[in-house]
C-alpha cells in the first residue's frame, strides 16, 4: 500500500509528512487528504465505453468452434466481452458473451449464484434448448430466456445448425460482493423432469392453486420475440422516449419487477433517421444490435454500429442513439439499474444544451 | 490486459494458442479457460482479516489533532482503517475510521450518497453534536447516531474536551457501483432549523398525523447507550447466540429494518470466559471493542484484542469470539449483511467439527 | 332497540332488571349479558347454503329478455341471486347474477366502487364485448373478464345471438362498509379510445418502458378459457386437492395476487366419480356449474347440481363435492378469501372423522 | 324476503308484475329495479351520529359496579355504546364501551379474533394492569394500550381505587365478516410469564437479534400519555390540520402502520376558541372527550360535549369541531380508516362553501 505517495498532499511541513508516513505504515489513511478520492463529487466510471464488432467476434467464435468443445471444467464455448479497462467483464457489474453450440453438443449442467439471461442471436431454426431445473426451454431467434440465480441449467442443440446467443450475467456484481458459489451437476446433463412448456402453462394467469410453492423467484418462461415484436409494431406510431425511441422492457411475470433482481432487459426501436437526445445515468448498459445500422455517441465519441455489434455505456456517461438509415434499427440491452433502484442510487440527467445533442469530438476506430 | 498469460491453459496446440492471443487482442475472454476465475466455486474474500490496535491509533490521531484542522476540502480529522489488501477501506464494502473533534471545532457541512453511522468512543462528557438536516443530535459515550445517505451533516464540539468516535460508511459499496455524489454546503456550518430532540419527539409511537411527509428513509434519532445497555443486562441470563453471545441489533424505527439499508449494527456481550462457536457468512463485519479483553479466531489466526481495537472479518471466513477474562467484554459491530439479504446472497455456515472450534494455526502480531 | 328483551338475562333481582332497562334507555348494552352475542365462540354465517337451478333461472331470464331493456337507470338486464336469509345477495360479501344481452343491445356505461368479474356462460359465438376504460374486451364462452373498481364499463352485443354470463360483484362488502359510489357515464356508451387487444399486448411480459403509469390496479385482460382448459388437462393426472379436486386459480398478472383485491376466482375439475373430502373455512364461495352432474354436501344437506346451476357455501360450513358420473364435472367459483387473508382472519379446518365425509341428513329440494 | 314490495317498480303491465313476483319466489332480484339500492350513488351510513353523555354513563356504570361482578361468562363489567340505529355497536365497524374494574377484581382471561384498544379514563393512580400474552401492562390515565387479535388478556386492579377506561374493538367488522372466534382461558387468570416492561425493553430501537421471532403483529407496548402530551405541546404553535386542529396519530412501532390493522387512533388538540372546517370521509370515527368543552357539528346537528362524553361520526357525514372556551380541548378518537385504505375505499371531501362551515339546523338534546 502506498497511500501517501498516491496523492499530492499540501506541503505541511516535516512533522505532517512524518505523520502521513506513519499512518501508511499503520494501515490507516488520512481522510483530510483522501476525502475527494473516497467520496467522489460525481460518479467516475473508471472505464471506457467500448464496442465489439460482430465480424471479428463471429470469426473468432467460429475458430473456437473448430478448436474447443464445451465440457466439464471448460463448461462453455463462449467469448466474454472484456472492457479494456476492466479485468473480466464489459461493465463493472455486467458480463456479456457470445456463445456457440454446435449440432449435437451439450454445454454441461451446473448452477451458480450469478444469474443469467440468454438473448438468441440465431437459433438456426431447429430444436435447441436450455434446460433449467429439469425443464427444456426451446429457443428461437430473438427470444429471451432467463436462468435465475442458483438454478441448474445445461444447453443442448438437437438441430442440424449452429445456435448463437448473447449471454449476460451479473457475475461482476456477485464477485464484487464475494458472493459466488458454483456447483457442477453430477453428470453432464441433468434429467428432464418436466414436460416442455410446463412453466409456461402452469405459471400463467390461471395457475394451479398451490402455485405459491413454485420454487424460483423468476418463472422459467421464455419471452417470445413474436410477442415483443407485435408490441413494438403497435407502439411504432407513438412519440417514444426522447432518449431511447420506442422502448420496451421485459418484466418478471410474477411481480412486474425487473427481468432479474439485478438486471433489467430492454429492446428499443429506432425508427428511420431517428436520432435521440442525450442523457446519462448512474447505471451501466450493454447493447446488442439486432438489426439496422447507426451510431451511438458516448461522452463525445461516436461509435458506429451494425447488426451483431455489442457496445457498453459506462455509468454517468452521456449517450444518444442515431439510426442513420431509412430502415428500422433494433437494439437489445441489459442494464444493472435494479441494483441502483434498490438502494436509491439511481440518478438520471438529460442533456439540455444544444437540443440534447453532444458535440462529437472523435469517432471510435476498432 | 493480459488475459492469456494470466492463466495456464491446457496445451492445445499452436492453433489454439493463436486463438487465445487473438481473443486477447480483440478484448474477449475464452470462457472455457476463465470459467473458474469468473464464477468461483465459493467466495474468495481476496483480502485478509486485520486488526488495528487502539494504542497506536490513538497516538496517531492525537498527533493529527495537533497538526491538522478539519476544514472545507480536508473535511474531517479522521483516520480510515485500510485493509493491507485493499485500496481504501477495511472491508470490500465497509469503511471505518476514528474521528477526533477538538473543543470549539467544526467539521464542515456536506452531504454524500454514502451513508454513515457514528458510534461514540468517548464523548468527553460535554456538549457535542452532529447536526443532520438542520437538527442537532447530541452524543454521549457509546451512543449510535445515523447519517442516512444524502443528508446534510456537520459536527461540532462545544465542550471543553475532545470527542472521539468510530465512523462507518458504505462508500466502498457506493464506489464499487460508481454511485457517489458529494456536495459541500455553502458555508462551513448549516443552520439549525429544528429544535433539539425534534425528531425524537415527532417520530416516536405517537406522531404528527402528517408524519409520512418526513423526508428521510431513516429517522434522525440517536440510539442511546443507556437503553441498549438495559436490554443487554436484561438478556444476560439467556443462552445467547452460539456464535455471538448475547446479541442485540439496532433497527430502523420506521420499519424494523436494518439501521441503514446497506449496513446493520450490533452490540454483543461476551460474558465472563464465554467462548463462542465458529461460523462463516458471505458478509463482512468490522468490530470495535467497547470493553474487555479477549480474542477472535479468524480462519485459524488468533487476533487478541483489548478495548479500543478495531478488527475486520472478511467474507466466508470462519470466526469465533472468546472473552478471556472474568469480566464482561462488549463488541460493537457493523456488517454489510442487508446488501446480501436484499439479493438473496446471504449464506451462513456453522462449523461442525471439533465442537465448533477452529484449530488455531497462528497468532496475529501487529 | 330492545336490548334487554332480546336476551334472557339471569334473574338477578329487581335492581338489576331496572339497571338493564335504564341501560337500554340510554343506548348502552351490558357486556356481562351480551358478550356471547357480540364475540361469538365461532363464526355463525347467519344464512343458509342455497342453490339456484339453471332451468328456472333461464326461463325467468328469457321472460325478462322479452319484457325489459337495459337502459340508463335500469342499467342491466340481470337477475341477482338472493339468499333467502339475506337482503340482496348470495353471500354476505358476494353478489352474483345472470345477465342477458340481446343482439344489438347496449348495457349503458357507468362506474362504481364495487368491483366485478364476468364469467361467460354462452357467448353465442359472435362479436360481444364489455368495454372497460375505453377498451373493448371480446368474450367467448367460459372466458373470465375483470372490471376493477371504479372503471367505466358498458357491454355490447354486436352478434346475432344472445350472450349470457355470470356476474360476480363485491357490492355487499362495499355496502357493509358504506363505501359505495356510483356514476353514470354522460351518454349511453363510452367512446372506444384504445384498439382491441391494447392491454393484452401492452401489459404482457414485454411492456412499454413507461408501463408503471398504467392506471388500474388490475390490468384489463381476459382470461381465455382455452388457456385455462389446457392447464386443467395438463394437471388431470395429478393427485389434486383433497377438498377440491384439480384446482386452478386466476391471478392478477401484475402481482400474482388474487384476481381482484376482494375476490379470488377458481375453476376446479372433478374427475369421473371423484368425491372430495369435507373442509370448512371462514370465507364464503359461490359456485357455477360449467359442466357435468354431481352434488355438494353442505352442513349435512345434499345439493344436487347440473350444468348452469349456481350455489353458495356460507362461512364455516362443511362442504364436499362429488361428481356422480363417468364424465368430467367443472365448477367455476368466486370467493371472498382475499378479504380474510388481508386481516389474518382466514382459517380452514379439514373434517377428520368418517374419512372426511359428512353424514348426509337431508337432500335439498328446490 | 319481500323484494318486489320493497320498491316501487314502474308500472310496466301485468306480465312484468308477474315476472317480478316469480323472480321473488325464485329468490332472484331484478337488477333493473334494484340497481340504485345495491349500488348507491354515494355512501349511506344508515345510522345517525350520536352522543353518550358522561354524567349518565358514569351513573349507570357505578350502579353496575354495585350489582355486577365480572366473571367467566359475564366476562366484563362494561357498557357498550349502541347507536340507536344499530344492533350492538356505536358505528358499523367499531364498538366502544366504558369499563370499570374495582380494587381487587379480575376480568378473566380470554382471547378473540376481535382486536381491542384501551384508553385509560382514570387509572385511580395505583397498580392496575392488563395482562396480554403473559405480560403485565400497567396503565396510567390517558395511556393507550393494545390487545391485538387473538392474544390472551385479562385485567386486574391491585390498587385501592376504581379504574375506568374506554374500550374500542373491531368486533362489528369481524362479525360482518363472520370471522369471530372466542376462547376462554382455562382458569380465571393467565400466568405472568414475562417480567413487567419486557416488550418495552426488548422491542425498542435496539432489539435482540432474533426479535423477528416475536409472535405478534403489534408489539405489546403502552403508549404513555406523558410522551404524547409532550408532542402535542411541541406542536401547539403549528397551523394544525384544518379539519382537526393539532392532530397526532398512534402508530405500530414495528412498521409505522396504524395502531391495529383495522383501527387507527388519534388524539387532537383544539386550542382556545379553535373552530375547524368541515370535511367528510368514507370512514367512521368514535371520539372520547379527554378535556375541555366544545361542540361538533355533524350533518347540520350540533352536539355539545364536555369531558367524558363519547360521540360517533358515521361515514360520509360532514363534521367540524369547535372548542368554545379559552382552555384547551382534547379529543381521543378511533377510526376504521385502515380498512378503507387497504382496499382503496378511502375518500375524503372538504366542505368548500361558507368558509368550510356547515349551517347548524338543530342542536342534539340527549
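Letters A, B, C and D name the chains as they come in the text, with residue numbers starting at 1 for each one.
The rule we apply is simple: a contact is a pair of C-beta atoms (placed from the backbone, for glycine too) under 8 Å apart; a residue touches a chain by one contact, two chains touch by 3 or more.
Nothing here was measured: the structure is a model prediction, and the numbers come from that model.
*Asks:* Treat touching chains as neighbours: how many steps, at the fewest, connect chain A to chain D?
*Replies:* 2
*Asks:* Where centres are the averaged C-alpha coordinates, which chain has the largest centre distance to chain D?
*Replies:* Max centre-to-centre separation from chain D belongs to A.
*Asks:* For chain B and chain D, let me know how many angstrom lie between their CA-based centres, rounded off.
*Replies:* Chain centroid spacing, chain B to chain D, equals 46 Å.
*Asks:* If you average the Cα atoms of chain C and of chain D to get two centres, how far apart are those centres in Å?
*Replies:* Those two chain centres are 31 Å apart.
*Asks:* List the centre-to-centre spacing of chain B and chain C in whole Å, with centres computed as mean CA coordinates.
*Replies:* Chain B and chain C have C-alpha centres separated by 54 Å.
*Asks:* Quick check: what residues of chain D touch more than one other chain, meaning two or more?
*Replies:* Counting only residues that touch two or more other chains, chain D contributes none.
*Asks:* Between which chains does touch occur?
*Replies:* Here the touching chain pairs work out to A-B, A-C, B-D, C-D.
*Asks:* Quick check on the complex: what are the chain C residues that touch chain A?
*Replies:* Going through chain C, the ones touching chain A are 195, 198, 201-202, 204-211, 221, 223, 227-228, 230-231, 234-235, 241, 244, 247-251, 253-256, 266-267.
*Asks:* Where on chain A does chain B make contact in their complex?
*Replies:* For this pair, the touching residues of chain A are 1, 3, 12, 15-16, 19, 22-23, 26-46, 50, 52, 56-57, 60, 63-64, 67-68, 70, 73-84, 87-89, 92-93, 95, 97, 99, 112-114, 149, 171, 174-183, 217, 261-262, 282, 284, 314-316, 339-340, 342-345, 347.
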